[in-house]
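This structure is in C-alpha coordinates; I'll ask about it shortly.
Going by the order they are written in, the chains are A, B, C and D; count residues from 1 in each one.
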(Lines give C-alpha, C1' and ligand atoms only; values in the text may rest on other atoms or scores of the structure.)
Protein backbone atom coordinates (compact mmCIF):
# COMPACT_ATOMS: atom_id res chain seq x y z
CA UNK A 1 0.00 0.00 0.00
CA UNK A 2 1.26 3.48 -0.80
CA UNK A 3 2.21 5.67 2.12
CA UNK A 4 1.87 9.39 2.52
CA UNK A 5 5.35 10.82 1.96
CA UNK A 6 6.76 13.21 4.54
CA UNK A 7 6.84 16.88 3.64
CA UNK A 8 9.95 17.07 1.53
CA UNK A 9 10.84 17.93 -2.04
CA UNK A 10 8.34 16.91 -4.71
CA UNK A 11 11.06 14.90 -6.36
CA UNK A 12 10.71 12.26 -3.68
CA UNK A 13 7.20 11.43 -4.85
CA UNK A 14 6.79 8.73 -7.46
CA UNK A 15 3.46 7.95 -9.10
CA UNK A 16 4.38 4.27 -9.00
CA UNK A 17 3.55 4.39 -5.31
CA UNK A 18 -0.03 3.95 -6.47
CA UNK A 19 0.69 0.85 -8.57
CA UNK A 20 -1.79 -2.02 -8.72
CA UNK A 21 -4.84 -0.09 -7.65
CA UNK A 22 -8.22 -1.57 -8.56
CA UNK A 23 -9.63 -4.76 -9.99
CA UNK A 24 -9.37 -6.76 -13.20
CA UNK A 25 -13.10 -7.44 -13.78
CA UNK A 26 -15.78 -4.74 -13.95
CA UNK A 27 -19.39 -4.50 -15.11
CA UNK A 28 -21.69 -1.64 -16.10
CA UNK A 29 -25.30 -2.85 -16.18
CA UNK A 30 -26.71 0.43 -17.51
CA UNK A 31 -26.06 1.38 -21.09
CA UNK A 32 -28.03 3.46 -23.60
CA UNK A 33 -26.84 5.86 -26.29
CA UNK A 34 -29.73 8.09 -27.42
CA UNK A 35 -29.75 9.09 -31.08
CA UNK A 36 -31.47 12.39 -30.25
CA UNK A 37 -29.39 15.25 -28.97
CA UNK A 38 -29.86 19.00 -28.66
CA UNK A 39 -26.15 19.74 -28.88
CA UNK A 40 -25.26 17.95 -32.11
CA UNK A 41 -22.70 20.59 -33.04
CA UNK A 42 -20.57 19.97 -29.95
CA UNK A 43 -18.94 16.60 -29.51
CA UNK A 44 -18.43 17.10 -25.78
CA UNK A 45 -22.08 18.10 -25.20
CA UNK A 46 -23.71 15.54 -27.52
CA UNK A 47 -25.33 12.61 -25.72
CA UNK A 48 -22.75 9.96 -24.91
CA UNK A 49 -21.73 7.19 -22.52
CA UNK A 50 -18.22 7.05 -21.13
CA UNK A 51 -16.21 4.49 -19.22
CA UNK A 52 -13.46 6.32 -17.34
CA UNK A 53 -10.54 3.88 -17.03
CA UNK A 54 -7.57 4.49 -14.72
CA UNK A 55 -4.38 2.44 -14.97
CA UNK A 56 -1.90 3.27 -12.18
CA UNK A 57 0.41 0.38 -13.04
CA UNK A 58 3.83 0.65 -14.62
CA UNK A 59 2.70 -1.62 -17.44
CA UNK A 60 0.03 -1.06 -20.08
CA UNK A 61 -3.44 -2.43 -19.42
CA UNK A 62 -4.76 -4.69 -22.19
CA UNK A 63 -8.53 -4.50 -21.93
CA UNK A 64 -11.36 -6.48 -23.53
CA UNK A 65 -14.94 -5.16 -23.45
CA UNK A 66 -18.00 -7.34 -24.07
CA UNK A 67 -21.38 -5.77 -24.87
CA UNK A 68 -24.57 -7.53 -23.72
CA UNK A 69 -28.04 -6.92 -25.17
CA UNK A 70 -31.62 -7.71 -24.24
CA UNK A 71 -32.48 -9.78 -27.28
CA UNK A 72 -29.33 -11.17 -28.89
CA UNK A 73 -25.97 -12.74 -28.11
CA UNK A 74 -23.15 -10.61 -26.67
CA UNK A 75 -20.68 -8.92 -29.01
CA UNK A 76 -16.94 -8.64 -28.48
CA UNK A 77 -14.22 -8.36 -27.69
CA UNK A 78 -13.62 -4.68 -28.18
CA UNK A 79 -9.91 -4.19 -27.49
CA UNK A 80 -8.58 -1.11 -25.73
CA UNK A 81 -5.17 -0.30 -24.31
CA UNK A 82 -4.68 2.13 -21.43
CA UNK A 83 -0.97 2.94 -21.23
CA UNK A 84 0.98 2.71 -17.99
CA UNK A 85 0.17 5.56 -15.55
CA UNK A 86 -2.59 6.96 -17.75
CA UNK A 87 -6.35 7.44 -17.69
CA UNK A 88 -8.62 6.93 -20.70
CA UNK A 89 -12.13 8.36 -20.84
CA UNK A 90 -13.55 5.95 -23.40
CA UNK A 91 -16.70 6.91 -25.29
CA UNK A 92 -18.82 3.90 -26.17
CA UNK A 93 -19.96 5.61 -29.36
CA UNK A 94 -16.32 5.51 -30.51
CA UNK A 95 -16.20 1.70 -30.38
CA UNK A 96 -16.27 0.34 -33.95
CA UNK A 97 -14.59 -3.09 -34.05
CA UNK A 98 -16.14 -5.71 -34.25
CA UNK A 99 -19.22 -3.47 -34.78
CA UNK A 100 -20.62 -0.10 -33.60
CA UNK A 101 -22.96 -0.13 -30.61
CA UNK A 102 -26.50 0.51 -31.85
CA UNK A 103 -28.29 3.70 -30.75
CA UNK A 104 -31.55 3.76 -28.76
CA UNK A 105 -30.83 0.24 -27.54
CA UNK A 106 -30.42 -1.07 -23.99
CA UNK A 107 -27.04 -2.67 -23.42
CA UNK A 108 -24.62 -3.57 -20.63
CA UNK A 109 -20.86 -4.02 -20.64
CA UNK A 110 -18.23 -6.22 -19.00
CA UNK A 111 -14.67 -4.95 -18.84
CA UNK A 112 -11.74 -7.34 -18.33
CA UNK A 113 -8.16 -6.13 -17.90
CA UNK A 114 -4.89 -8.04 -17.55
CA UNK A 115 -3.79 -5.69 -14.73
CA UNK A 116 -5.88 -3.96 -12.02
CA UNK A 117 -7.71 -0.82 -13.13
CA UNK A 118 -10.47 1.45 -11.78
CA UNK A 119 -13.66 2.05 -13.82
CA UNK A 120 -16.25 4.79 -13.42
CA UNK A 121 -19.32 5.11 -15.65
CA UNK A 122 -20.64 8.47 -16.86
CA UNK A 123 -23.54 9.33 -19.15
CA UNK A 124 -24.39 12.72 -20.59
CA UNK A 125 -27.97 12.89 -21.83
CA UNK A 126 -28.77 15.92 -23.94
CA UNK A 127 -32.00 14.75 -25.52
CA UNK A 128 -33.63 17.56 -23.62
CA UNK A 129 -32.34 21.13 -23.99
CA UNK A 130 -30.94 20.87 -20.45
CA UNK A 131 -28.12 18.48 -19.77
CA UNK A 132 -28.59 15.44 -17.59
CA UNK A 133 -25.43 13.85 -16.32
CA UNK A 134 -24.91 10.68 -14.34
CA UNK A 135 -21.85 8.99 -12.99
CA UNK A 136 -21.33 5.98 -10.84
CA UNK A 137 -18.59 3.59 -9.95
CA UNK A 138 -18.80 0.43 -12.05
CA UNK A 139 -19.33 -2.91 -10.35
CA UNK A 140 -16.02 -4.48 -9.32
CA UNK A 141 -15.81 -8.22 -8.87
CA UNK A 142 -13.93 -8.53 -5.55
CA UNK A 143 -13.35 -12.24 -5.26
CA UNK A 144 -12.91 -13.63 -8.76
CA UNK B 1 -11.73 -15.33 -13.59
CA UNK B 2 -11.83 -14.44 -17.28
CA UNK B 3 -8.56 -13.66 -18.95
CA UNK B 4 -7.83 -11.17 -21.66
CA UNK B 5 -7.49 -13.23 -24.86
CA UNK B 6 -4.43 -12.71 -27.02
CA UNK B 7 -4.87 -10.78 -30.24
CA UNK B 8 -6.29 -13.41 -32.50
CA UNK B 9 -9.44 -13.99 -34.50
CA UNK B 10 -12.68 -12.80 -32.88
CA UNK B 11 -13.98 -16.36 -33.12
CA UNK B 12 -11.75 -17.35 -30.22
CA UNK B 13 -13.67 -15.07 -27.86
CA UNK B 14 -16.60 -16.54 -25.98
CA UNK B 15 -18.97 -14.44 -23.85
CA UNK B 16 -19.12 -17.31 -21.38
CA UNK B 17 -15.68 -16.21 -20.23
CA UNK B 18 -17.60 -13.70 -18.14
CA UNK B 19 -19.87 -16.26 -16.49
CA UNK B 20 -20.89 -15.94 -12.84
CA UNK B 21 -20.22 -12.23 -12.49
CA UNK B 22 -21.97 -10.45 -9.62
CA UNK B 23 -24.03 -11.30 -6.58
CA UNK B 24 -27.35 -12.97 -5.80
CA UNK B 25 -28.74 -10.41 -3.34
CA UNK B 26 -29.15 -6.69 -4.08
CA UNK B 27 -31.00 -3.75 -2.54
CA UNK B 28 -32.08 -0.32 -3.81
CA UNK B 29 -33.04 1.89 -0.87
CA UNK B 30 -34.23 4.79 -3.02
CA UNK B 31 -37.49 4.45 -4.92
CA UNK B 32 -40.06 6.99 -6.06
CA UNK B 33 -42.15 7.13 -9.24
CA UNK B 34 -43.59 10.64 -9.69
CA UNK B 35 -47.02 10.88 -11.28
CA UNK B 36 -46.17 14.25 -12.82
CA UNK B 37 -44.17 14.35 -16.00
CA UNK B 38 -43.52 16.93 -18.69
CA UNK B 39 -42.88 14.33 -21.38
CA UNK B 40 -46.07 12.25 -21.12
CA UNK B 41 -46.11 11.60 -24.86
CA UNK B 42 -42.73 9.84 -24.86
CA UNK B 43 -42.37 6.60 -22.95
CA UNK B 44 -38.57 6.88 -22.81
CA UNK B 45 -38.67 10.47 -21.50
CA UNK B 46 -41.56 10.05 -19.01
CA UNK B 47 -40.49 9.88 -15.36
CA UNK B 48 -39.49 6.33 -14.49
CA UNK B 49 -37.27 4.16 -12.29
CA UNK B 50 -35.21 1.37 -13.81
CA UNK B 51 -33.24 -1.55 -12.43
CA UNK B 52 -30.64 -2.53 -15.01
CA UNK B 53 -30.02 -6.26 -14.58
CA UNK B 54 -27.10 -8.09 -16.20
CA UNK B 55 -26.92 -11.89 -16.36
CA UNK B 56 -23.61 -13.12 -17.79
CA UNK B 57 -24.30 -16.76 -16.90
CA UNK B 58 -25.09 -19.53 -19.35
CA UNK B 59 -28.34 -20.20 -17.50
CA UNK B 60 -31.40 -17.99 -17.06
CA UNK B 61 -31.63 -15.90 -13.90
CA UNK B 62 -34.87 -16.41 -11.94
CA UNK B 63 -35.37 -13.23 -9.97
CA UNK B 64 -37.76 -12.24 -7.17
CA UNK B 65 -38.24 -8.58 -6.24
CA UNK B 66 -39.74 -7.40 -2.94
CA UNK B 67 -41.03 -3.85 -2.52
CA UNK B 68 -40.78 -2.16 0.90
CA UNK B 69 -42.83 0.85 1.99
CA UNK B 70 -42.75 3.39 4.80
CA UNK B 71 -46.14 2.58 6.26
CA UNK B 72 -47.24 -0.94 5.32
CA UNK B 73 -45.97 -4.49 4.91
CA UNK B 74 -43.72 -5.39 1.97
CA UNK B 75 -45.27 -6.65 -1.26
CA UNK B 76 -43.96 -9.46 -3.42
CA UNK B 77 -42.61 -11.42 -4.97
CA UNK B 78 -42.50 -9.83 -8.38
CA UNK B 79 -41.01 -12.47 -10.66
CA UNK B 80 -38.67 -11.61 -13.51
CA UNK B 81 -36.48 -13.78 -15.72
CA UNK B 82 -33.29 -12.46 -17.33
CA UNK B 83 -32.24 -14.97 -19.99
CA UNK B 84 -28.71 -16.37 -20.16
CA UNK B 85 -26.17 -13.84 -21.50
CA UNK B 86 -28.72 -11.00 -21.60
CA UNK B 87 -29.38 -7.67 -19.91
CA UNK B 88 -32.83 -6.43 -18.89
CA UNK B 89 -33.52 -2.78 -18.14
CA UNK B 90 -36.58 -3.27 -15.97
CA UNK B 91 -38.96 -0.35 -15.43
CA UNK B 92 -40.60 -0.48 -12.02
CA UNK B 93 -43.74 1.11 -13.45
CA UNK B 94 -44.12 -2.00 -15.63
CA UNK B 95 -44.41 -4.30 -12.59
CA UNK B 96 -48.05 -5.38 -12.21
CA UNK B 97 -48.22 -8.73 -10.38
CA UNK B 98 -49.05 -9.02 -7.47
CA UNK B 99 -49.94 -5.29 -7.71
CA UNK B 100 -48.68 -2.09 -9.42
CA UNK B 101 -46.26 0.10 -7.46
CA UNK B 102 -48.10 3.21 -6.30
CA UNK B 103 -47.04 6.62 -7.68
CA UNK B 104 -45.78 9.49 -5.49
CA UNK B 105 -44.84 7.00 -2.78
CA UNK B 106 -41.47 6.28 -1.19
CA UNK B 107 -40.41 2.67 -1.62
CA UNK B 108 -37.31 0.47 -1.61
CA UNK B 109 -36.59 -2.84 -3.31
CA UNK B 110 -34.73 -6.07 -2.63
CA UNK B 111 -33.69 -8.21 -5.58
CA UNK B 112 -32.87 -11.91 -5.15
CA UNK B 113 -31.57 -14.07 -7.99
CA UNK B 114 -30.80 -17.78 -8.16
CA UNK B 115 -27.55 -17.04 -10.05
CA UNK B 116 -25.13 -14.09 -9.73
CA UNK B 117 -26.21 -10.89 -11.50
CA UNK B 118 -25.20 -7.21 -11.53
CA UNK B 119 -27.78 -4.48 -10.70
CA UNK B 120 -27.59 -0.76 -11.42
CA UNK B 121 -30.34 1.69 -10.46
CA UNK B 122 -31.40 4.58 -12.72
CA UNK B 123 -34.13 7.19 -12.31
CA UNK B 124 -35.30 9.70 -14.89
CA UNK B 125 -37.22 12.56 -13.33
CA UNK B 126 -39.08 14.75 -15.80
CA UNK B 127 -41.43 16.53 -13.42
CA UNK B 128 -39.58 19.66 -14.39
CA UNK B 129 -39.24 20.64 -18.06
CA UNK B 130 -35.57 19.73 -17.85
CA UNK B 131 -34.59 16.12 -17.31
CA UNK B 132 -32.93 14.96 -14.12
CA UNK B 133 -31.22 11.62 -14.29
CA UNK B 134 -29.57 9.57 -11.58
CA UNK B 135 -27.82 6.25 -11.64
CA UNK B 136 -25.98 4.31 -9.01
CA UNK B 137 -24.84 0.79 -8.40
CA UNK B 138 -27.29 -1.07 -6.18
CA UNK B 139 -26.14 -2.39 -2.82
CA UNK B 140 -24.67 -5.87 -3.15
CA UNK B 141 -24.62 -8.17 -0.16
CA UNK B 142 -21.06 -9.53 -0.24
CA UNK B 143 -21.12 -12.15 2.49
CA UNK B 144 -24.59 -13.65 2.57
CA UNK C 1 -29.26 -16.01 2.33
CA UNK C 2 -32.72 -15.81 0.85
CA UNK C 3 -33.58 -18.20 -1.92
CA UNK C 4 -35.76 -17.63 -4.93
CA UNK C 5 -39.02 -19.40 -4.14
CA UNK C 6 -40.45 -21.82 -6.70
CA UNK C 7 -43.42 -20.65 -8.73
CA UNK C 8 -46.23 -21.24 -6.29
CA UNK C 9 -48.88 -19.21 -4.52
CA UNK C 10 -47.82 -15.75 -3.35
CA UNK C 11 -48.76 -16.78 0.16
CA UNK C 12 -45.61 -18.89 0.39
CA UNK C 13 -43.42 -15.78 0.10
CA UNK C 14 -42.38 -14.04 3.30
CA UNK C 15 -40.55 -10.71 3.36
CA UNK C 16 -38.54 -11.98 6.31
CA UNK C 17 -36.56 -14.03 3.80
CA UNK C 18 -34.63 -10.79 3.26
CA UNK C 19 -33.81 -10.27 6.94
CA UNK C 20 -30.44 -8.89 8.01
CA UNK C 21 -29.52 -7.27 4.72
CA UNK C 22 -26.89 -4.54 4.84
CA UNK C 23 -24.46 -3.05 7.33
CA UNK C 24 -24.59 -1.25 10.68
CA UNK C 25 -22.18 1.62 9.92
CA UNK C 26 -22.54 4.00 6.97
CA UNK C 27 -21.09 7.37 5.95
CA UNK C 28 -22.14 10.10 3.51
CA UNK C 29 -19.21 12.45 2.88
CA UNK C 30 -21.20 14.87 0.72
CA UNK C 31 -23.78 17.12 2.36
CA UNK C 32 -25.11 20.56 1.47
CA UNK C 33 -28.60 22.02 1.80
CA UNK C 34 -28.91 25.15 -0.33
CA UNK C 35 -31.15 27.90 1.02
CA UNK C 36 -32.06 29.02 -2.50
CA UNK C 37 -34.72 27.09 -4.35
CA UNK C 38 -36.90 27.79 -7.39
CA UNK C 39 -39.69 25.49 -6.23
CA UNK C 40 -40.36 26.88 -2.74
CA UNK C 41 -44.08 26.17 -3.04
CA UNK C 42 -43.58 22.42 -3.44
CA UNK C 43 -42.03 20.48 -0.60
CA UNK C 44 -41.06 17.56 -2.86
CA UNK C 45 -39.38 19.85 -5.44
CA UNK C 46 -37.64 22.20 -2.99
CA UNK C 47 -33.89 21.61 -2.63
CA UNK C 48 -33.25 18.84 -0.13
CA UNK C 49 -30.90 16.03 0.89
CA UNK C 50 -32.28 12.60 1.68
CA UNK C 51 -30.88 9.45 3.27
CA UNK C 52 -32.97 6.52 2.07
CA UNK C 53 -32.87 3.90 4.83
CA UNK C 54 -34.07 0.31 4.35
CA UNK C 55 -34.62 -2.03 7.29
CA UNK C 56 -35.47 -5.58 6.17
CA UNK C 57 -35.20 -7.02 9.67
CA UNK C 58 -38.08 -8.22 11.81
CA UNK C 59 -37.04 -5.80 14.54
CA UNK C 60 -36.98 -1.99 14.52
CA UNK C 61 -33.69 -0.29 13.65
CA UNK C 62 -32.52 2.23 16.27
CA UNK C 63 -30.33 4.68 14.39
CA UNK C 64 -27.98 7.48 15.50
CA UNK C 65 -26.76 10.08 13.02
CA UNK C 66 -23.71 12.30 13.60
CA UNK C 67 -23.15 15.44 11.53
CA UNK C 68 -19.57 16.55 10.76
CA UNK C 69 -18.58 20.06 9.69
CA UNK C 70 -15.53 21.75 8.19
CA UNK C 71 -14.89 24.18 11.03
CA UNK C 72 -16.46 22.94 14.28
CA UNK C 73 -17.02 19.82 16.37
CA UNK C 74 -19.53 17.19 15.21
CA UNK C 75 -23.14 17.39 16.39
CA UNK C 76 -25.29 14.49 17.50
CA UNK C 77 -26.76 12.10 17.99
CA UNK C 78 -29.87 12.60 15.91
CA UNK C 79 -32.10 9.62 16.73
CA UNK C 80 -34.25 7.94 14.13
CA UNK C 81 -36.22 4.69 14.19
CA UNK C 82 -36.96 2.71 11.04
CA UNK C 83 -39.62 0.13 11.93
CA UNK C 84 -39.23 -3.55 11.08
CA UNK C 85 -39.69 -4.28 7.35
CA UNK C 86 -39.99 -0.60 6.43
CA UNK C 87 -38.08 2.03 4.47
CA UNK C 88 -37.65 5.65 5.57
CA UNK C 89 -36.63 8.39 3.17
CA UNK C 90 -35.22 10.81 5.72
CA UNK C 91 -34.83 14.47 4.77
CA UNK C 92 -31.88 16.08 6.51
CA UNK C 93 -33.74 19.39 6.64
CA UNK C 94 -36.29 17.68 8.89
CA UNK C 95 -33.68 16.91 11.57
CA UNK C 96 -34.20 19.27 14.52
CA UNK C 97 -32.85 17.68 17.71
CA UNK C 98 -30.24 18.48 19.04
CA UNK C 99 -30.22 21.32 16.44
CA UNK C 100 -31.23 21.97 12.80
CA UNK C 101 -28.57 21.47 10.13
CA UNK C 102 -27.45 24.87 8.87
CA UNK C 103 -28.15 25.84 5.24
CA UNK C 104 -25.43 26.70 2.70
CA UNK C 105 -22.90 24.77 4.79
CA UNK C 106 -20.73 21.78 3.88
CA UNK C 107 -21.37 18.79 6.12
CA UNK C 108 -20.99 15.01 6.20
CA UNK C 109 -22.89 12.35 8.11
CA UNK C 110 -22.22 9.05 9.84
CA UNK C 111 -25.12 6.67 10.37
CA UNK C 112 -24.97 3.90 12.99
CA UNK C 113 -27.72 1.32 13.41
CA UNK C 114 -28.18 -1.47 15.94
CA UNK C 115 -29.25 -3.87 13.15
CA UNK C 116 -28.08 -4.09 9.51
CA UNK C 117 -29.65 -1.54 7.14
CA UNK C 118 -29.03 -0.24 3.61
CA UNK C 119 -28.43 3.50 3.00
CA UNK C 120 -28.63 5.43 -0.28
CA UNK C 121 -27.98 9.16 -0.54
CA UNK C 122 -30.05 11.46 -2.76
CA UNK C 123 -29.91 15.21 -3.28
CA UNK C 124 -32.37 17.35 -5.22
CA UNK C 125 -30.92 20.71 -6.15
CA UNK C 126 -33.44 23.23 -7.44
CA UNK C 127 -31.40 26.40 -7.07
CA UNK C 128 -31.60 26.60 -10.83
CA UNK C 129 -34.97 26.53 -12.59
CA UNK C 130 -34.13 23.04 -13.82
CA UNK C 131 -33.82 20.22 -11.32
CA UNK C 132 -30.52 18.55 -10.61
CA UNK C 133 -30.73 15.22 -8.88
CA UNK C 134 -28.00 12.98 -7.56
CA UNK C 135 -28.06 9.65 -5.84
CA UNK C 136 -25.36 7.29 -4.72
CA UNK C 137 -24.96 4.40 -2.38
CA UNK C 138 -23.53 5.53 0.95
CA UNK C 139 -20.19 4.18 2.13
CA UNK C 140 -20.63 0.93 4.05
CA UNK C 141 -18.00 -0.13 6.54
CA UNK C 142 -17.51 -3.81 5.67
CA UNK C 143 -15.22 -5.00 8.42
CA UNK C 144 -16.01 -2.99 11.53
CA UNK D 1 -17.45 -0.63 15.91
CA UNK D 2 -19.57 2.17 17.32
CA UNK D 3 -22.72 1.19 19.12
CA UNK D 4 -26.05 2.98 19.25
CA UNK D 5 -26.16 4.68 22.66
CA UNK D 6 -29.23 4.18 24.84
CA UNK D 7 -31.69 7.05 25.10
CA UNK D 8 -30.01 9.23 27.68
CA UNK D 9 -28.55 12.70 27.85
CA UNK D 10 -26.80 13.96 24.71
CA UNK D 11 -23.69 14.48 26.79
CA UNK D 12 -23.09 10.74 26.80
CA UNK D 13 -22.52 10.76 23.03
CA UNK D 14 -18.99 11.27 21.79
CA UNK D 15 -18.14 11.71 18.10
CA UNK D 16 -15.03 9.63 18.67
CA UNK D 17 -17.31 6.60 18.68
CA UNK D 18 -17.06 6.85 14.89
CA UNK D 19 -13.25 6.85 14.82
CA UNK D 20 -11.36 4.99 12.10
CA UNK D 21 -14.16 4.87 9.55
CA UNK D 22 -13.16 4.34 5.93
CA UNK D 23 -10.08 3.47 3.94
CA UNK D 24 -6.64 4.94 3.27
CA UNK D 25 -6.54 4.56 -0.53
CA UNK D 26 -9.19 5.95 -2.90
CA UNK D 27 -9.48 6.61 -6.63
CA UNK D 28 -11.74 8.78 -8.80
CA UNK D 29 -11.45 7.71 -12.44
CA UNK D 30 -13.66 10.52 -13.77
CA UNK D 31 -12.34 14.04 -13.81
CA UNK D 32 -13.05 17.03 -16.05
CA UNK D 33 -13.27 20.73 -15.25
CA UNK D 34 -15.03 22.58 -18.07
CA UNK D 35 -13.85 26.12 -18.76
CA UNK D 36 -17.33 27.14 -19.92
CA UNK D 37 -19.92 28.00 -17.34
CA UNK D 38 -23.24 29.85 -17.36
CA UNK D 39 -22.95 30.90 -13.73
CA UNK D 40 -19.56 32.59 -13.72
CA UNK D 41 -20.69 35.16 -11.17
CA UNK D 42 -21.43 32.56 -8.51
CA UNK D 43 -18.60 30.46 -7.18
CA UNK D 44 -20.94 27.79 -5.84
CA UNK D 45 -22.82 27.48 -9.16
CA UNK D 46 -19.79 27.68 -11.47
CA UNK D 47 -18.74 24.34 -12.97
CA UNK D 48 -16.51 22.46 -10.54
CA UNK D 49 -15.36 19.05 -9.34
CA UNK D 50 -15.29 18.27 -5.65
CA UNK D 51 -13.84 15.48 -3.53
CA UNK D 52 -15.79 15.36 -0.28
CA UNK D 53 -13.39 14.04 2.38
CA UNK D 54 -14.55 12.90 5.83
CA UNK D 55 -12.09 12.29 8.67
CA UNK D 56 -13.78 10.83 11.76
CA UNK D 57 -10.49 10.11 13.53
CA UNK D 58 -9.14 11.96 16.55
CA UNK D 59 -5.98 12.79 14.60
CA UNK D 60 -5.53 14.93 11.50
CA UNK D 61 -5.51 13.18 8.12
CA UNK D 62 -2.43 13.94 6.01
CA UNK D 63 -3.51 13.40 2.43
CA UNK D 64 -1.60 13.21 -0.87
CA UNK D 65 -3.45 13.47 -4.18
CA UNK D 66 -1.99 12.35 -7.51
CA UNK D 67 -3.52 13.49 -10.81
CA UNK D 68 -3.37 11.17 -13.84
CA UNK D 69 -3.78 12.28 -17.45
CA UNK D 70 -4.39 10.65 -20.82
CA UNK D 71 -1.22 11.81 -22.51
CA UNK D 72 1.46 12.68 -19.94
CA UNK D 73 2.99 11.53 -16.66
CA UNK D 74 1.04 11.94 -13.40
CA UNK D 75 1.46 15.10 -11.34
CA UNK D 76 1.72 15.27 -7.55
CA UNK D 77 1.63 15.15 -4.73
CA UNK D 78 -0.98 17.73 -3.88
CA UNK D 79 -0.99 17.91 -0.08
CA UNK D 80 -4.17 18.42 1.90
CA UNK D 81 -4.91 18.15 5.61
CA UNK D 82 -8.35 17.29 6.93
CA UNK D 83 -8.34 18.04 10.66
CA UNK D 84 -9.53 15.52 13.24
CA UNK D 85 -13.35 15.11 13.27
CA UNK D 86 -13.86 17.39 10.25
CA UNK D 87 -15.05 17.15 6.66
CA UNK D 88 -13.45 19.00 3.75
CA UNK D 89 -15.25 19.53 0.47
CA UNK D 90 -12.20 20.02 -1.71
CA UNK D 91 -12.59 21.74 -5.08
CA UNK D 92 -10.09 20.44 -7.64
CA UNK D 93 -9.96 23.87 -9.27
CA UNK D 94 -8.50 25.19 -5.98
CA UNK D 95 -5.45 22.90 -6.22
CA UNK D 96 -2.40 24.97 -7.20
CA UNK D 97 0.76 23.28 -5.94
CA UNK D 98 2.68 21.75 -7.73
CA UNK D 99 0.53 23.11 -10.61
CA UNK D 100 -3.14 23.94 -11.38
CA UNK D 101 -5.24 21.22 -13.01
CA UNK D 102 -5.82 22.16 -16.65
CA UNK D 103 -9.37 22.92 -17.83
CA UNK D 104 -11.18 20.95 -20.56
CA UNK D 105 -8.86 18.01 -19.94
CA UNK D 106 -9.66 14.44 -18.92
CA UNK D 107 -7.98 13.45 -15.68
CA UNK D 108 -8.28 10.97 -12.81
CA UNK D 109 -7.15 11.16 -9.20
CA UNK D 110 -5.72 8.88 -6.53
CA UNK D 111 -6.10 9.90 -2.90
CA UNK D 112 -3.85 8.46 -0.19
CA UNK D 113 -4.31 9.24 3.51
CA UNK D 114 -2.30 8.26 6.56
CA UNK D 115 -5.52 7.47 8.47
CA UNK D 116 -8.83 6.02 7.21
CA UNK D 117 -11.14 8.53 5.51
CA UNK D 118 -14.30 8.41 3.35
CA UNK D 119 -14.31 10.02 -0.13
CA UNK D 120 -17.30 10.97 -2.28
CA UNK D 121 -16.98 12.57 -5.71
CA UNK D 122 -19.30 15.35 -6.92
CA UNK D 123 -19.31 17.34 -10.14
CA UNK D 124 -21.44 20.38 -10.93
CA UNK D 125 -21.63 21.05 -14.64
CA UNK D 126 -23.10 24.41 -15.59
CA UNK D 127 -21.93 24.64 -19.18
CA UNK D 128 -25.60 24.52 -20.06
CA UNK D 129 -28.05 27.03 -18.56
CA UNK D 130 -29.48 24.21 -16.44
CA UNK D 131 -27.32 22.61 -13.80
CA UNK D 132 -26.16 19.03 -14.09
CA UNK D 133 -24.92 17.46 -10.92
CA UNK D 134 -23.33 14.08 -10.32
CA UNK D 135 -22.09 12.38 -7.20
CA UNK D 136 -20.73 8.96 -6.56
CA UNK D 137 -18.72 7.19 -3.94
CA UNK D 138 -15.05 7.03 -4.90
CA UNK D 139 -13.37 3.66 -5.39
CA UNK D 140 -12.00 2.33 -2.11
CA UNK D 141 -9.17 -0.17 -2.16
CA UNK D 142 -10.36 -2.77 0.37
CA UNK D 143 -7.39 -5.07 0.67
CA UNK D 144 -4.28 -2.99 0.18
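Quick note on the criterion: a residue touches a chain if its C-beta (ideal position, glycine included) is under 8 Å from a C-beta of that chain, and two chains touch if they have at least 3 such contacts.
If you want to know which protein each chain is, UniProt gives these names: A, B, C, D = Sensory rhodopsin transducer.
In this text the structure is predicted, and so the values were computed from the model without any measurement.
*Asks:* Compare the CA centroid of chain B with every other chain's and tell me the farthest one.
*Replies:* D
*Asks:* At the place where copies chain C and chain D touch, is the share of residue numbers found on both sides over half (same) or under half (different)?
*Replies:* Different residues, largely: of all residue numbers at this interface, under half are found in both copies.
*Asks:* Once you find the CA centre of chain A and the CA centre of chain C, what distance in Å lies between them?
*Replies:* 29
*Asks:* Please work out the Cα centroid separation of chain A and chain D, and write it as a whole number of Å.
*Replies:* 20
*Asks:* At least two other chains touched by the same residue of chain A: list those residues.
*Replies:* Residues 129-130, 132-137, 142 of chain A each touch two or more of the other chains.
*Asks:* Considering only the defined contacts, which chain D positions touch chain C in the complex?
*Replies:* Listed in rising order, the residues of chain D that touch chain C are 1-5, 7, 10, 13, 15, 17-18, 21-22, 45, 50, 52-54, 56, 85-89, 118-120, 122, 124, 126, 129-137, 140, 142.
*Asks:* Please name which positions on chain D make contact with chain A in the complex.
*Replies:* 24-25, 27-32, 62-64, 66, 68-71, 73-74, 76-77, 79, 98, 106-108, 110, 112-114, 121, 123, 125, 127-130, 132-139, 141-142, 144
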